[in-house]
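Letters A, B and C name the chains as they come in the text, with residue numbers starting at 1 for each one.
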Amino acid sequence: MSESRKLTRRQVLQGTAAAGALSMLGNWEWIGEAWGASDKVKMGFIFVGPRDDYGYNQAHFEGKAAVAKLDWVKAFDEEKVPETIEVQKTMESMVKLDGAQVLFPTSFGYFDPHILKVAPQNPNILFLHCGGLYQDGKHPKNVGSYFGYIDESQYVAGIVAGGMSKSGKLGFVAAKPIPQVLRNINNYTLGARSVRPNCTTNVIFTGDWSLPVREAEATNSLVDQGIDVITCHVDSPKVVVTTAEKRGIYCTGYHCNQSKLAPKGYLTGAEWNWAKVYMDYAEMIRKGQTVPHLVRGGLKEGIVKVSDYNQVVTEAVRKQADAAKDKFMSGGMVVYKGPIKDNTGRVVVAAGKEHVQTDMWLESMDWLVEGVIGSTKS
Amino acid sequence: MEVGWWGVLIAVLGGAIRIGTPFLFVSLGECLTEKSGRINLGLEGTLVMGAMTGYAVSLHSGSPWLGVLCAGLAGMVLGALHSWLCSFRRVNDIAVGIAMMLFGTGLAFFLGKPYIQPSAPRLPSIDLGAWSDIPQLKAALQINALFLMGIVVAIALAWMLKNTAWGLKVRVVGESADAARALGLPVDRIRILSTAQGGFLAGIGGSYLSLYYPFNWSEGLSSGQGLMAVALVIFARWHPVGCLWVSLLWGGAAALGPSLQSVGITGGYYIFNAIPYIMTLAVMIITCSPKRTLVGVPHELTVTR
Amino acid sequence: MSIAVPQTLNKALEPFLIIVGSLMVSMVLFGIFVASAGADPFEVYQTMYRAAFGTSFSWQNTLIRAAPLMLTALCTALPGYLGLIIIGGEGAVVMGGLFAAVAALTMPTAPPMVVLTTMAVVGMVAGGLWLTIGGALRHYRAVNETISSLLLNYIAIAVLNHLVTSTFRDPESLNHPSTHHIGEANMIGVIPGTDLHWGLVFGIVACVMTWFLMHHTVFGFASQIAGGNVRAAQIAGLPVGRLILIICFVAGAAGGLAGMVEVAAIHGRANDTLNANYGYAGILVAFVARNNPLAIIPVAVLLGGIRASSGLLQRAHELPDATVLVMQGIIFLVILFSETLYGRFSKLQKQGAS
């Protein structure tokens, strides 16, 4: 996997030759610059939504902005690319016209079939997919996937939530019941129940990643039911956080730091730190090192982090949260240690069994842990 | 405090007002426009443009109410543009409406980029529920003055159309352009003015979304409210006060899905969330019939031809 | 004093000149727009041209986006002949794609051609029936078809999401609920020598066939009469109701076929990405093409080209994605406005010659 990933001069010339006579009217300066400076690492980023959504896409954009500051990197991005054949064309365009050596399609739905179709046609380009599950032998060799165990941050946030809640009722506004979301819900609940065994989490699924009105309604409904700490897993937590602040309850954030939106109620939050991932990849490529196919990491590896605590968070709760954080940092924390039951009473992790963070079993989670009020069926 | 199933009722009540207010303004605007014989499908673009303008002006000026006013003005400009384009012979107003939708939405997203991050001052609420001890009921009745204004506008509009000379002119133009011309009425000017006024109301409706509920400017803010308004006007039989009831009904139906989940009804939430649309369709099927066709429709509307 | 232009040439020249003129005016307006946003309009034009039509890669990018639009535009164009304004293409696409995917799963051992044919038929029937609901409601209950087709779009999307996440869900498709894959062998392939799948050909063929249907058959002729004046048609004994239902079915079938192609050529499964706004884009194509199926082909290519340029505009000029929306809006507003110019030129010519 360490062969050169730069475009060969022949590929460049072939591309130009295909341009055709009619295109001679053009001003070629900006394209020439991209192809000429062949000592820069060229990274292309693709976002499924707007890059300033105060949430998922923004977290990636902030990572891209951080790596773009390095003067030996040329980074470019495209936002609002849907998960249809359009993303295939975007990827191809980034390779052909911008000379990208590595692409970061950051939405889950880009993987199958889009990356799987384009990657074999461009064997010299690296396709690093966020959230995917690379399988050796099954997927092309120039594909890789990376993700972070943000559920670790949610676990810590859950501790803070459970500790600070007066009613013992937590709320979770989620988009869809897919494994990555369920893992967050479960971790939040397990974290909360580790300091307050009887607390519950009410889940409302909105059905899609970005539905501001429905997210606001869900938040209001949850507050009506007595919930006093709320969190979410949607593309843009802005609505949930501001609605929670208006209703006067606490909240914990997700993706990015939303504390400015809720100065009174934002207790803490689970944040991505994609800058670290992108910088690491850039370094590896510059040095010509082998890029691993599967990158995963949590608090310890610095891929995710926990927001600073709000000043209202009590000393006792801070201690509990910090203790958990330390355990994650040292690698000693196992969240899924049996016996664990789901919310229908079924035993999902037997007594004595444990599933460490990297266990693939966790990536196909389809149940909600005991203490969660809600269902994965739609 | 535990409210259980009462929570659903409270959510529906609160939702009727919370979610219904933008629909109220947009449908009143469309109602006025259609009374003059013009159909404006571009209100979706107007709504989004109003939302963005309101948010931006509120941020820059510090006054959310100024934002609301400017949102209305932006809507007025778009409405006037729509109607001016349609006043030319052979220009199809439904097609123009859809093109305006694209244009208005695109313009709003384009200009609105710098405003997604910052937090603008929010419109204040009025505590109608202060008499209650139940916090949930209090929250549900915490409404915005725009809702009350909307009620006033609905009544005023109804009165205006029935009792003033201007209202009569608008209605004549909407029923029969030929008759209007025979009377010497400037058909196009009246339509442009009505559509502009309609756009003004729609712009205000949009500003409610971004400055009050869900209080956010982002590119996913609207979920088709502008288009639905056209359906609501038909549903309301072109009566402004009917638009009020229909908007409340719609708002309540839209709040049903999430609130059912909060009490544990978790199955079929996609279907529950589609209830407003199913309900509108069902009502239209029941109340329309070939004999009566569309009672109350202004006959100049292209949808009747 | 004017050049005496023969009538026939004048007839063909008029739409051509008006459309070309409209495009030029739109480009100027758009240029002013981007200039006010700080970009150089001429560079923007060049980028758009390059991205849409400049290289063979660009052409393929454009055509692949145009392909579904050719089919979904028919959902609006065909009922337009009858004077119906239906905007339910999105619903037809979604239903067609969903049921085509499910149909493929009922025959796991059949040879690919059989599977694909079945998928196409099922997709067309599903889409056709969905759009016919709107037509039937209009004919039997006088429910406005624009509104009912719009509502049915939302309902179709809800049904799609519900079924794909429950009844038809593939348990393996954890992070993106979808139906089971139809099987690699059953996927529609690419046209040899290109990167384009056969869906493009389906689109062109459908447009040509429906054009023939509407302009060279008794059925088409009858529909145009009914569209012009319903009362006259009924008096003449034309079965207006039947015409409405059949045309809506054919229109919906085109949309359903587009959905089937999305599944069989690109995804291999049905999931929420079927709701890709092809239906809504098709509405504009239909209006600009003035409901003529042959004109739909170049208009779809134009719109495909505009959308194809979005990516490069973002990367080369730092313009947001919304720029392309504004461009589409401007072009279509100008072209729709130019409708009013038809007939004015020939008046001028006649005045000049006499």
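One rule holds in what follows: contacts are C-beta pairs under 8 Å (C-beta built on N, C-alpha and C of every residue); 3 or more make two chains touch, one makes a residue touch a chain.
Given the structure is predicted, the values throughout are model-derived calculations rather than measurements.
The interface with the greater number of C-beta contacts, when B-C is set against A-C, is B-C.
In this assembly, A is the chain whose CA centroid lies farthest from the centroid of chain B.
One inter-chain figure worth recording: chain A and chain C are separated by 35 Å, centre to centre, where each centre is the mean of the chain's CA atoms.
Per-chain Cα centroids separate chain B from chain C by 28 Å.
Counting partner chains per residue, chain A has residues 50, 80, 207, 377-378 touching two or more of them. Along chain C, residues 161-162, 165, 320-321 each make contact with two or more other chains.
Residue positions of chain B touching 2 or more other chains, listed in rising order: 113, 219, 268, 270, 273. Residues of chain B touching chain C in their complex: 45, 85, 88-92, 94-96, 98-100, 102-110, 113, 219, 224, 227, 230-231, 234, 268, 270-271, 273-274, 277-278, 280-281, 284-285, 288-290, 292-294, 302-303, 305.
Within the complex formed with chain A, the residues of chain B that make contact are 1-4, 7, 10-11, 14-15, 18-19, 113, 116-117, 119, 122, 136, 139-140, 209, 213-216, 218-221, 223, 254-255, 257-259, 261-264, 266-270, 273. Put simply, chain C touches chain A in their complex at residues 43, 46, 49-51, 53-57, 61, 64-65, 161-162, 165-166, 174-177, 262, 266-268, 272-273, 276, 307-308, 311-312, 314-316, 320-321. Here chain A touches chain B in the complex through residues 49-50, 52-54, 80, 202-207, 210-218, 220-226, 236, 238-239, 242-243, 246-247, 260-261, 373-375, 377-378, going by the rule given at the top.
Those residues of chain C lying in contact with chain B across their complex are 37, 83, 85, 87, 137, 140-144, 146-148, 150-152, 154-155, 157-159, 161-162, 165, 280, 283-284, 287, 320-330, 332-333, 336-337, 339-340, 342.
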